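Look at the two complexes coming up: subunit A is in both, with subunit B in one and subunit C in the other.
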Partner chain A sequence: MKFDKKLLLLIGLVVILLLVPMMVTRPYFLHVIIMCLLWAYLASSWNIIGGFAGQLSLGHGIYTATGAYVTMMLFNTFGISPWLGLFVGGAAAVLISVLIGFPTFGLRGAYYALATVAISEGIVVIINSTHELGPFSVGGAEGLIVKMVGDSAAALQFSSKIPYYYLILFMLFLVIAVSYWIKTSKLGYCLIALKEDEDAAAAMGINVRNNKLIAAMISAFMTALGGVFYAVLIRYLEPNAIAGGSMSTQMVFLSIVGGSGTILGPVIGGILLSLISEVIRFYLGGQLMGLHLFIYGVIVLLVIMYQPRGIVALLGQIVQRFSGPKTVEGGVSGVKDSGA
Partner chain B sequence: MKKRGTRFIGLLVTMVMLISLVAGCGGGGNSADKAKEIKIGTILPLSGSAAPLGKIGQQARDMAIEEINAAGGIKSIGGAQIKMIYADSKGDPATGVSEAERLITMEQVALLTGCYQSGVAMPSTEVAERYKVPYFVDVPSEDKITERGFKYVFRLAEKTSWRNRDQTKFITEMAKTYGTPVKTVGLIYENTAWGQGAVKAWEKYLPEAGLEIVMKEPYPTNSSDLTPVVLKAKQLKPDIIMMVSYVSDAALLTKTFAEHQVKPLAFIGTSGGFADPTYYDLAGNASEYYFDISTWEPDVNRPSSQDVNNKFKEKYGYAMNAEAVKAYVGMYIIADALERAASAEPEKIREALAATDINQGVTQMYAAQTKFDETGQMINAPIVICQYQKVDGKMERITVWPQEEARVGSHIVWPYPGAGK
Partner chain C sequence: MSVVANGLSMGAIYGLIALGLTLIFGIMKIINFAQGALLMLSMMISYWLWKLTGLNPLILILIVGPIMFVVGYLCQRFLVRPVLDSEKNVREPVSVLLLTAALAIVLENLALMIFGADYVMAKTSFSEQTIALGAVTVSAARFYGLIIALVVAGVFWLFLQRTQTGRNIRATGQDRNAAALMGINVPNTFAIAFGLGTALLAVAAVALIPFYYVHPSVGQVFMTKAFIVVVLGGLGSVPGAILGGILIGLIESIGAQYMTATLTVVLVYAVFLMVLFVKPSGMFGSRYDW
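For the complex of A and B:
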């Protein structure tokens, strides 16, 4: 009975999401929704290594940039469709994640976080000062323009926003499915174990480094796909915007505020916070300088102060209140009920 | 559990209050008479590191629009008033795109202006092109902005490469005027996109003018010692030394050149560090007789320039800069186009902008003639050369070239007499 209700709710939600473009006719609103879903997607991708495995990566901008640049360079130079290019871009991101992870995952403490910061800063500098790479034009600090070919499904270029909406919706479902699979698989349990106590996990016979590496690779690949989506949506890559610190920290931030380590936390955090930021900018952006960012900051501060386990835990408790004591995700995320 | 519940309610109430506060603020301003109002959307970096530059652009626009509206608005549309709608790009391309979408589809602006950074201009102009709404780009100078075959994009600023073109023109002209033959040039530049871009342009324009590049010396930004670069220049003895530098390197190069008594015919900077107000503070007297390139200077000899700058100073407490001038003049060019279009329809405004040909009025403070080519690029976007000279013992940046725009009573010091001479 309970299962049916949940399933019904889920189907209803999916149907509503599929019907959104029919209800939202203004391109701007649809664009805002697309950006919110993109951030939810990126936060979820980060969450695989940052949340499930508890490895703080502060340089996920490398992967968005790798995915976006590799795919678009292939498209601009050889006309290779982004549909194929995204696999090359994703593979390149995976390779980088191994290059960072292999030497650092054997070590303890903040080495991984430090390595991700250092490498991402380095990569921003390299992209900024590289104009050409063999036959490819990189564009340097002036940025890479995605070649316009008009409406083309093969090139992922549409003048309407609707195809982008369905694409990012599909990607979001995909990352949720991947998260669900990880969480319920052996890998997920290994990750929780090593996140809680590496020594204990190792003593149980878990290969700590390999499990971290696998999580990092999956996360890098998913993040790179988000970068490709950014590239086809915005059609212009500016090194600081796609690879820079704000891209990297935003993913971390949305994920933590939403509830890192849970399946739906980053999704909710990504959608809610992006929406709030956009709504505030809509009303206040052109008025008092920076006021919209200030209010956004206050809201985030409130959430972190009153709900350090993330918005998802708050929602979990609300649901609990209305439906009696049941286990809701976020309530069982493995984080101890401390402080509050 | 009880305590926790009150906390949630407290939190919820706070959030609801904040959101309703926000919603309440946005309600104003819609009551004005829509029939007699033309909306112009402007995207600027109003927060983030470039916020001060966005602010001066906003002030310059506000001043122009106040004047235009006070003078009776757009007369061909029944004295319609122009209403500015500002949007914050945060200097971020994706936000710029979002805001362009919003201004066009929600605010239904007649045209867009902005947006300071080339990085925001590139993708946000594409949005305007897709919706067929004119986009008046006043400041961004990236060459490619008007090289993409767009029909709805108009740019008032010069292309970046034109600065290097005009430096070349200046050298040839000086060589002829002062009878000092120039054959060789040395290039010293910071090793990122900006410097590399300049070198690309120089490699095109200098050889065309019969000048040989004998030295190409990149260096990392914010170097602590540039003596090796300077010594190489001393040894190779190029007739002209041209530089692309941020301010600390510009000052360091200047001082090191003086120290080693390097004496070419001229030192020429490429704006940036050499135009920075702190350049003189750092380089001191060694900066004397250095040339730099610019598009507008407070002392430039153009009609209306002094008056507008004085008014701006009085209103906001500081002088205009070249970007503010472009923003200010841009509003008058837009008003002129609206007047001729006699309509707030984007298509008509586009046609009017394309047919722009202004050679009088306040736009003279920027250019004698305002006209766009078929790519939407301002033809003959003005460029001036200034020189650091001492006036009554005080170092000043003096506009010296072209002659008709030079500061009244100024003269060029050519060739470089040497440091401290």
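For the complex of A and C:
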């Protein structure tokens, strides 16, 4: 009975999500929704290493940039379809994640966090000042413009926003599925164990470094796909936007505010927070420089201080308060409350 | 030779910034991501005090230092401590780290709203001067910066070694529970350490403004450098921070003589990665003591 209700709710939600492009006709609004889903996707990708494994990566912009740049350089120079290029870009991101993770994962968390920040800042500087790389044009600080070929599914270029919406929706489902798989697999349990207590996990026979590395590799690959999506959607790569500190910290904040280490927390945090920041920017952005980011920062501060387990925990409490014991008996009102 | 002198002075200032970072980390196990933003704040305050009063920036240390100490103390008391208390049993307090990162965003955008995005520099009487030391000619502002940084670092080291407060701070860093049992007021010591870490930034800020442009995101540049320095020198190590800073400063200024700016950056990161691979705990850090 309870399972059926949950399934019904899920199917209803999916149908609504699939119908969104029919309801939202203005391209600007659809673009805002696409960006919210992209942020939810990126926050979920970060969550695999940052939430599940508890390894604070503050340089995930490295992977969005690697995915985006490698794929688009291959496309611009050799005309290789992004569908193939994304595997090369993803592989490059995985390689970098190993390069950072291998030396630092043997140590405690802080070194990994510092190394990721330092290396991501370095990559921004390098991209900003590299104009040519062998046969490839990188564009330097002026950025890389994606070559236009008109409507083409092979090149992932569409004049309408709708295909992008379905693409990012599919990617979001994919990352949720991957998160669910990790969380319920042996890897997930190993990650929880080493997050709670590294020494105890090692004593139980868990190879701490390898498990962290696997999580970091999966996270890097998924993040690189997000970078590729960004590239085909925006069609212009600006080094500071795609690789910079704001890209990296954004992923972390969205995930933490939503509830890191949970499957749906980063999704909720990503959609909610980027919607809020977009609304603030829409209404206040023109008036005072920095105001919308200031408000954004204050919201994050307050959440960390008063709701450290994230919005997801808050929702859980609300659902429990309204339905508490009834959910155990029949589950009817509980599901209704959370859905309404 | 003047290249080396420039590298030394910039490096000593990097070291000073890294010193604040490493102090806060060594005592509280918190990486303070607001360090860069607090440096920016100190630079802004120093700049405006200089502009309004016309005092020599080097005298301003006596005003900006205490102001930033209070700012740091209050940050620890009202923002960091509540979060730290709720995470008492966690070995690496991640929420606190994010708290400081959020604080950095708030401070940077506050500065953007108040001061605007302009680049400003304090054109003091000695900004354009040079000093001849034998055959070497150095910019006066940078030379004073070097002297200030080294003197303050030395005084700070003596303070940690010789005074009761310094001993309290070091004891708390080694084992906060044992320190509490010995009658040390641990929360207060944390707040003092945070305040001192921030006051060190004020010194760096005052040394910087006569020859370095101030703008709301200036902190980010120094923050990344400070992170590299701290990893190079070893987290929590005072001599490591200063020597690491000087090493990075020298690599930058000497590298800039022989290659492009990008290659210099790449070189800095190459050294950084090499240290991570060969001796991840840095030059003076211990793998176990934190």
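Following the convention adopted for this analysis, the second predicted complex is superposed on the first by the 308 of 340 C-alpha atoms of A that agree within 3 Å, B and C clash if a C-alpha of one lies under 4 Å from a C-alpha of the other, contacts with A are read in each partner's own complex, and residues count from 1 in each chain.
By definition in this document, contacts are C-beta pairs under 8 Å (C-beta built on N, C-alpha and C of every residue); 3 or more make two chains touch, one makes a residue touch a chain.
Just so we're clear, the structure is a prediction, and the values are computed from it rather than from any experiment.
Engineer: In the superposed arrangement, which partner chain does A:Leu174 touch: subunit B (first), subunit C (second), both, or neither?
Structural biologist: neither
Engineer: Taking the superposition as given, does A:Ser129 touch the first partner, subunit B, the second, subunit C, both, or neither?
Structural biologist: Both partners, subunit B and subunit C.
Engineer: Kindly classify A:Tyr28 by the partners it touches after superposition: subunit B alone (first), subunit C alone (second), both, or neither?
Structural biologist: So A:Tyr28 only meets subunit B here.
Engineer: Scan A:Ile119 for contacts with subunit B and subunit C and give back first, second, both or neither.
Structural biologist: Second partner only, subunit C.
Engineer: Could you look at A:Glu238 and tell me whether it touches subunit B, subunit C, both or neither (first, second, both, neither)?
Structural biologist: In the superposition, A:Glu238 contacts subunit B only.
Engineer: Considering only touches as defined above, state whether A:Val300 meets subunit B (first), subunit C (second), both or neither.
Structural biologist: After superposition on chain A, A:Val300 lies in contact with subunit C alone.
Engineer: Mind working out whether A:Gly290 is in touch with subunit B, subunit C, both or neither, as first, second, both or neither?
Structural biologist: Once the two structures are laid over each other on A, A:Gly290 reaches both partners.
Engineer: For A:Ile162, decide between first (touching subunit B), second (touching subunit C), both and neither.
Structural biologist: neither
Engineer: Residue overlap on subunit A between the subunit B contact set and the subunit C contact set?
Structural biologist: Common interface on subunit A, subunit B vs subunit C: 129, 289-290, 293, 298.
Engineer: Enumerate the contact residues on subunit A facing subunit B in the complex.
Structural biologist: Subunit A reaches subunit B through residues 26-28, 31-32, 35, 128-129, 131, 140-143, 145, 148, 159, 230, 234-236, 238, 240-241, 246, 276, 278-287, 289-290, 292-293, 295, 298-299, 302-303, 306-307, 314, 317-318, 321, 340.
Engineer: So in the complex, which bits of subunit B are touching subunit A?
Structural biologist: Touch residues, subunit B against subunit A: 4-5, 7-8, 10-11, 14-15, 18-19, 22-23, 25-26, 42, 46-47, 51, 55, 85-88, 90, 92-95, 97-99, 101-102, 104-106, 118-119, 122-123, 126, 130, 142, 144, 148, 191-194, 196-197.
Engineer: Which of the residues in subunit A come into contact with subunit C in the complex?
Structural biologist: Answer in residue numbers: 54, 56, 58, 99, 103-104, 106-111, 113-115, 117-119, 121-122, 125-126, 129-130, 245, 249, 252-253, 256, 288-291, 293-294, 296-298, 300-301, 304-305, 308.
Engineer: Quick check on the complex: what are the subunit C residues that touch subunit A?
Structural biologist: These residues of subunit C touch subunit A: 25, 29, 31, 33, 79, 82-83, 86-87, 91-92, 94-95, 97-99, 101-103, 105-106, 108-113, 116-117, 216, 220, 223-224, 227-228, 230-231, 235, 260-262, 265-266, 268-269, 272-273, 276-277, 280-281, 287, 290.
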